[in-house]
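In the two complexes that follow, subunit A is the common piece, with subunit B as its partner first and subunit C second.
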Partner chain A sequence: MTDPGPDSSAPRRAVLPRSSPKLVTGLALITAIILFGVTGPLFAGDPDAINDIGLTPPGGGHVLGTTQMGQDVLAQIAYATRGSLYIGVLVGVMATVLSALFGIVGSYAGGVVDEAFSLFSNVMLVIPGLPLVIVISAFVPPEQRGAWTIAVVLAITGWAGSARVLRAQTLTLRNREYVLAARVAGEPAWRIITVEILPNLLPLLASQFVFSVIAAILSEAGLSFLGLGASNSSTLGTMLYYAQNGFALQRGAWWWFAPPGLIIALFGCGLALINFSIDEITNPKLRAVPRRIRRPRREPAPVGRPSQDVVVSVRNLSVTYGNTVRAVKDVSLEVRRGEILGLAGESGSGKTTLAYAINRLHRPPAEVTAGSVTFHHRDGGDTDMLALPSGELRAFRWSQMSVVFQGAMNSLNPVMTIRAQLEDVLTTHRPQLSRSDRRARCARALELVGVDPARLRSYPHELSGGMRQRVMIAMAMLLDPQVMIMDEPTSALDVVVQRGILREILRLRDELGFGIVLITHDLPLLLEVSDRIAVMLGGEIVECAAAEEILARPRHPYTRRLLESFPSLTGERGAFVRTGEATGGAR
Partner chain B sequence: MTTLDVQDLVKDFRIRTGLRGRRLRAVDHVSFTLSPGRTVALVGESGSGKSTIARIIARLERPTAGQVVLNDDDGGRVSDRAYRDHVQMVFQDPFSSLNPFHTVEHHLIRPLLLHGQARTGAEAREKAGDLLERVNLPARDIVHRRPHELSGGQRQRVAIARALAPGAKVIVADEPVSMLDVSIRLGVLNLLARLQREENLAVLYITHDLATARHFSDDILVLYRGRVVERGPADEVILAPRHPYTRLLAAASPDPEARGRSFDIDAAAVVAAGEAPAYDHRIQS
Partner chain C sequence: MRYYLRKFGFYLAALWAAVTLNFFIPRMMPGDPVSILMAKLQQRGGSVNPEARRAYELLLGTDTGEPLTKQYLSYLGNMLHGDFGISVSAYPVPVSEVIATSLPWTVVLVGIATVLSVLVGAGLGMVVGWRRGTWLDSLVPATTVLAAVPYFWLALVLVAVFGSALGWFPLIGGYDVDFTPGWNLDFLGSAVHHGILPALTIVISSVGGWLLGLRNMMVSTLSEDYVLTATAKGLPNRRVMIWYAARNAALPSIAGFAISLGFVVAGSIVTEQVFSYPGIGSKLLEAVQNNDYALMQGIFLVTTVAVLGANLVVDLLYGVIDPRTRAGGNA
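What follows is the complex of A and B.
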């Protein structure tokens, strides 16, 4: 409900990787090698033609010199590259088909089929690949050991890892609502798999394909080098095998073994680069975000204290995403001690961006382009938040101004006890505290939010969502901050639980007197609990007034529209009810 | 008169805790009827079993006991094969209920063809356009777009059009607006209400929001841990709740008029309230 970026500018979901230096380099390498492999043999002479000029260094009639038997190395490489590519693609196709069959079909079918397929893949996975390949290759008589035999053996030993990855991904996809919707629509299972699920797995499949091609070419080279490769075909591996047998290294005939090795290395490198780019489709977080740490273009202007009880002043703050989207425009507001300032707005209104920027938690490409955030200490000093060096900022953040994020209850570390996580905050920020003091403070913090201190020994999964959220609030209060920023702290919770947490927040506010910025889309909630409400629309605060004032005399049309969006539980039935589309149009 | 009878529905889930299995009763002997032109709201907190009931009606789950019977205009029971011609579902999350890979058109053409509402591709495309117009979307503009190019409200309208495509007479709407921005929620609910009137649809509206349940449904069933604790006409259940759990839910809803009221609700009170015997306004009043 509060994604910071506006929805309309969401990048088009890519099927093809985005152009990047990595991708271009990778594609260039691969294209060059494939072109060489495909067209090279057409121009090169007979690779097996024996000459009496054995082991000639490069130059003259033989661009890359000759082998011991006087064969042309360039011609040999051309044919060997073609052979290696052939096996690589064969294995890639077979392994991908096998992994798709066992990974996707099994996990979609579920139940016994899934268990059986999954068991089979796991068994195949623990069988050590190369030794098995060696055994199988050794078992097949050399005269029957063609490229196809090797390819089948490599495919059989190489698909299981991909199948597991595909299975995991399919398991999440099959419970997506669009797959359920297709089932409700009555689509047959084969169509759901091929039309609804498979396209969404394409990036993953492509990446698995590329990976198995690399693996196949390397394994084949290894096998051939050991003399267990395809007998009647020439690959880069067989070339190395003959070079080894011909004592190329000892005789210093580098032109015999270096070129095939280099081609293998470059091919692997190129495919790996392509794979990086494909991975970025499935996981956009891998995309390198240009990290410009640029000082905000603004005058260093910490604001003087407007009045004694103000704790944070925000003046004319603007935040942009990558110079194009202005998420927060010229926002000014004040937070007072002991008050709850409600920040109401819908997705894309900039309310979360604003909260992050106040705390300087925003990340590139978000950037503060103008304005100031000043923190007024209880004892009289002022701090310019935007000018704070990062070391001081870190200390400042938790102890003076803390944040409870949206869905914070899911951000507890699952493998640490509650106590360890609370104490972690204290050991970082209050290293002078003794162990017993730390424990006492943690217990006290949990008591404050209404959680039994015995729960300190629990792990997060042993607590309910409401309790975890309370723990997060306790953590935010641990260092007795003067301001707490809460971004949808209770939106994911049931109303009854939400009530309990709000009660604790209000009680603590009365006891400890910190200021609270409460961000939510739930206007009725803000109207009931907050002192003042700021309404955000399109990055601007369109109205800011006391809660009673907003309820009784909303000035801005958007505020009125928001108010009308919540039908009253017990009041009169409004005109909007079940009469057609009077309010809210298509958006 | 297509009516859907939910009869004594029970659903148990097996939960594996270590080696031992444990049984969790998600739905506990729930019965109700959906009839044309009427909306029944299922209200409850997370874990109350309301979504499980929706999934059983949409045949995404099998009930442990009890049955869902669909009767057609003549009162005869609709065959399993034709069941999905009549019963369709609108999902909660419009961001995941449309396939990111496919266009809006794909989402509408497939059900039209599958359920014999269109014979040829051209006919299906034309009908898809009509469906989009009916949910107030500019068909020509939108039909070739992919889900990420639409706003949340537009996506949910497409999802509603998809549910109507097979010619369904019973619509199960599982929290259809809870993921949408507040200012467009009423618009979508009103759209559903208008379509219901035009088509004489039977609607099951599943929500945790008491206020919209009251305003957009005829009857309300309040669920607590799989059990119906209170049922009756919408206004009676909300304005004169008789069951302690319903009262608790109503008291916990934010109320701008009640600033500064006390907040005292604790977990024990909820459990105690949930244990009270069920109340049926139609029988007991």
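What follows is the complex of A and C.
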């Protein structure tokens, strides 16, 4: 129950040995408490032996002191821990079986059964558990209230949460290929559930079991503390009940009431720590990433303006991920005013990392280790991007250089309207604008990219993919920046929409005159639209030349290989975007 | 619109389930609660008129030979009128009156404690998630320890330290009996003074869950494209953190509110017992100890209605916060 299970996937098993201090602490706590509960009663004396040294503080013959009746607290705790663990495991098993029944079977069956099971679980979930348990146990006469009765009541009131989690997971599993294949092959449902689905749910079942155990121990303790626990059984809760009724607190007998609670707390904490480490293993995002704050080595100082039409100069830039992977190696590059600079290369070649580093959008563990990025303003004056303090960097971003991101489907905040997301650019960068001016500018920006300004009131999920991408482009142009970085701006869209948007970008570039860094793996597209193309391979720019030059006389072998992999390039289809004849005016 | 209708329908179903459970539990359990109740009542010198006896029979079930469906319908009728019978432990006060005097204590205590815990927990979780990789990360395991501590034990420790040892706060009760309950400063001041330790217990025990939930979601949300976009837009850090990251990260926590509230309600019942707080939790236990089944069932129902109501409010709020849930109606 402490292990994610023998059926956990291979990569997880490979990660598990890299144990964190949290996991070790958690495992040690749990092991110690279970050992204590299982073996403790064998060594401890009679927990109920009464003698006349009531309420002795710890020390001497009684390591943890005595109760009001002179019983040895340590012996009582040993038996109580065993009792609590027993009930916890009983409830854990029953609740897990119930939740599996309602969660897995229901969602596998689907249809009315699923609806009914799911409604039932949700109803059980919102009805407050402990009051229900109290009412049920109050109706059972004390002499019939054994550990099993309590366990059954706790299981009945405690399975619903896990059932919901299991249902969600089963729903995703039942549509996997291997499950569908087994169905097509005509395997019976019980076999598909036990052979194909259950093994994949084991890690989840294990963690739900762990949660039911700790919840049961806590609830049982609460119930016993209220005097409603299992009669003639000793648990940590009953100990606390007697301590409370023996006025342990008022008499300052901390050794009587503190240890039972502490054991429950440490047990819960141990399970939480283990669960925490399992979470971190399955979801690497949650792992702690140390923030490195290191100034880049500035060997090449920021450069002066090479010529009037250069807007960004990148010199010998290197970006590494956590000291080991050099994603961008010693890259030098210039972006000119009003040009489209294509950045080509396969995925992992460092295109995106390079583009982000220009605007300092790279995140730890990525860091710039060498080089310089200089921005040359339209009206004179240069900015050393890597030295810009954070406040000025924020002011610079978007107003001089905006970005349209890869997979723009998710670039818009799902819980804010389009208007709010456009307007917050203006409220941040142009605070002097009046409300009506802001609105007018946002509406105009949308019109510019061919989106109905009525869409300002919409939320992102109400727009199609192409429309969202147009909104992003409108947003990128809102402040009339000098450079726009576009990272695969159209690759998630279908071809017709893609071409329509690219035509729009070209038109706007001609109209407004911003420079574009266009990142894509789609070389034919770059050859059509860009003025110059830089080809990246393994973090380096292997070739940078005018688009026609690249097409006619590629110098680097990798460029040639890239060109050869697109057979259609030998034909005469290059006019596709610029004339738009094949798209028939489709947007 | 369909979203709201579905929610209302669901809570109606849950309410019906709770009322029905309440009807069947005493009938399925061993023992004859009505006779116990009658005996108790006579002990206290209460006269048993046929009308009162009938109300108890409907509530608790006894072998009167009447068909179950008829009993059930009459029972539903009584529930609709708020007629839960007469309390034995507070004879001859009706159950509804006992509940009416104790409910406000619990609602105010649990309400304020929950709101505080959500604000503090979610706020801390937001900052800890945002500043991941700094010393703040060490807060996370610390709060899981707090979350694992049993409510009543924490209450006992708090009483021992701040009540007995330091004498800063009163040990038990909801207000100083020297003052008359009402809208006067003395009484309110003493109620607040008495409420601090119970509220602190609830806040400390439940704050960890909110912190952890929001922190983990925050970390996941920070790698979303829209957060990167917001950073690239040059928005102030606070705006990115609250409006782009936290607003999205909070959605699962809000959706899981029902479960958290269940824990808080359970914890507050036990906490009230430790503090002898004059709320509904203490009354429930008093009812249990005195075999006051009518009061017990009334309290269970009222608690359920309150919890369902709170969940409904949160669900309606969720519809406002996440526009995607409303989409069903527009499409």
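Assume the second predicted complex is superposed on the first by the 508 of 587 C-alpha atoms of A that agree within 3 Å, B and C clash if a C-alpha of one lies under 4 Å from a C-alpha of the other, contacts with A are read in each partner's own complex, and residues count from 1 in each chain.
Here, contacts are C-beta pairs under 8 Å (C-beta built on N, C-alpha and C of every residue); 3 or more make two chains touch, one makes a residue touch a chain.
The structure presented is a predicted model; accordingly, all values stated were derived computationally and were not measured.
Looking at the shared chain after the overlay, A:I34 reaches neither subunit B nor subunit C.
Using the contact criterion defined above for the overlaid structures, shared-chain residue A:V415 touches subunit C, although it does not reach subunit B. In the superposition on chain A, contact of A:D279 is made with subunit C only, not with subunit B. More subunit A residues lie in contact with C than with the other chain of the pair subunit B and subunit C. Of the two partner chains placed around the shared chain by superposition, subunit B is the only one that A:L527 touches, whereas subunit C remains out of contact. Once the two complexes are overlaid on the shared chain, A:F257 sits against subunit C while remaining clear of subunit B.
Of the two partner chains, subunit B is the only one touched by A:E187; subunit C is not. Touch criterion not met for A:M69: it reaches neither subunit B nor subunit C. Put simply, subunit A uses no single residue to touch subunit B in one complex and subunit C in the other.
Contact residues on subunit C toward subunit A in their complex (touch as defined above): 10-11, 13-14, 17-18, 21-22, 25-26, 29-31, 33, 132-134, 137, 140-141, 144-145, 147-154, 156-157, 159-160, 164, 171, 216, 219-220, 223-226, 228-236, 239, 243-244, 247-248, 251, 258-259, 261-262, 265-267, 269-270, 273-274, 284-285, 287-289, 293, 296-297, 299-300, 303-304, 307-308, 311, 321-324, 327, 330. Of all residues in subunit B, those touching subunit A in their complex are 45-46, 58-60, 84, 88-89, 91-93, 96-102, 110-111, 114-115, 136-137, 146, 148-149, 151-154, 157, 159, 162, 165-166, 179, 181-188, 190-191, 193-194, 208, 210-212, 214-216, 238-239, 248-250, 252-256, 258-259, 261, 263-267, 270. By the touch criterion given at the top, residues 22, 119, 122-123, 125-132, 134-136, 138-141, 144, 161, 214, 218-219, 221-222, 225-228, 240, 244, 249-250, 252, 254, 257-258, 260-261, 264-269, 271-273, 276, 279, 283, 285-286, 288-291, 359, 361, 364, 393-399, 402-403, 405-408, 410-416, 424-425, 428-429, 459, 461-462, 472, 475 of subunit A touch subunit C in their complex. Subunit A meets subunit B in the complex at residues 1, 7-8, 10, 12-13, 15, 176-178, 180-187, 195-196, 199-200, 346-347, 494-496, 498-500, 502-503, 506, 521-525, 527-529, 547-548, 551, 561-562, 564-570, 573-574, 576-587.
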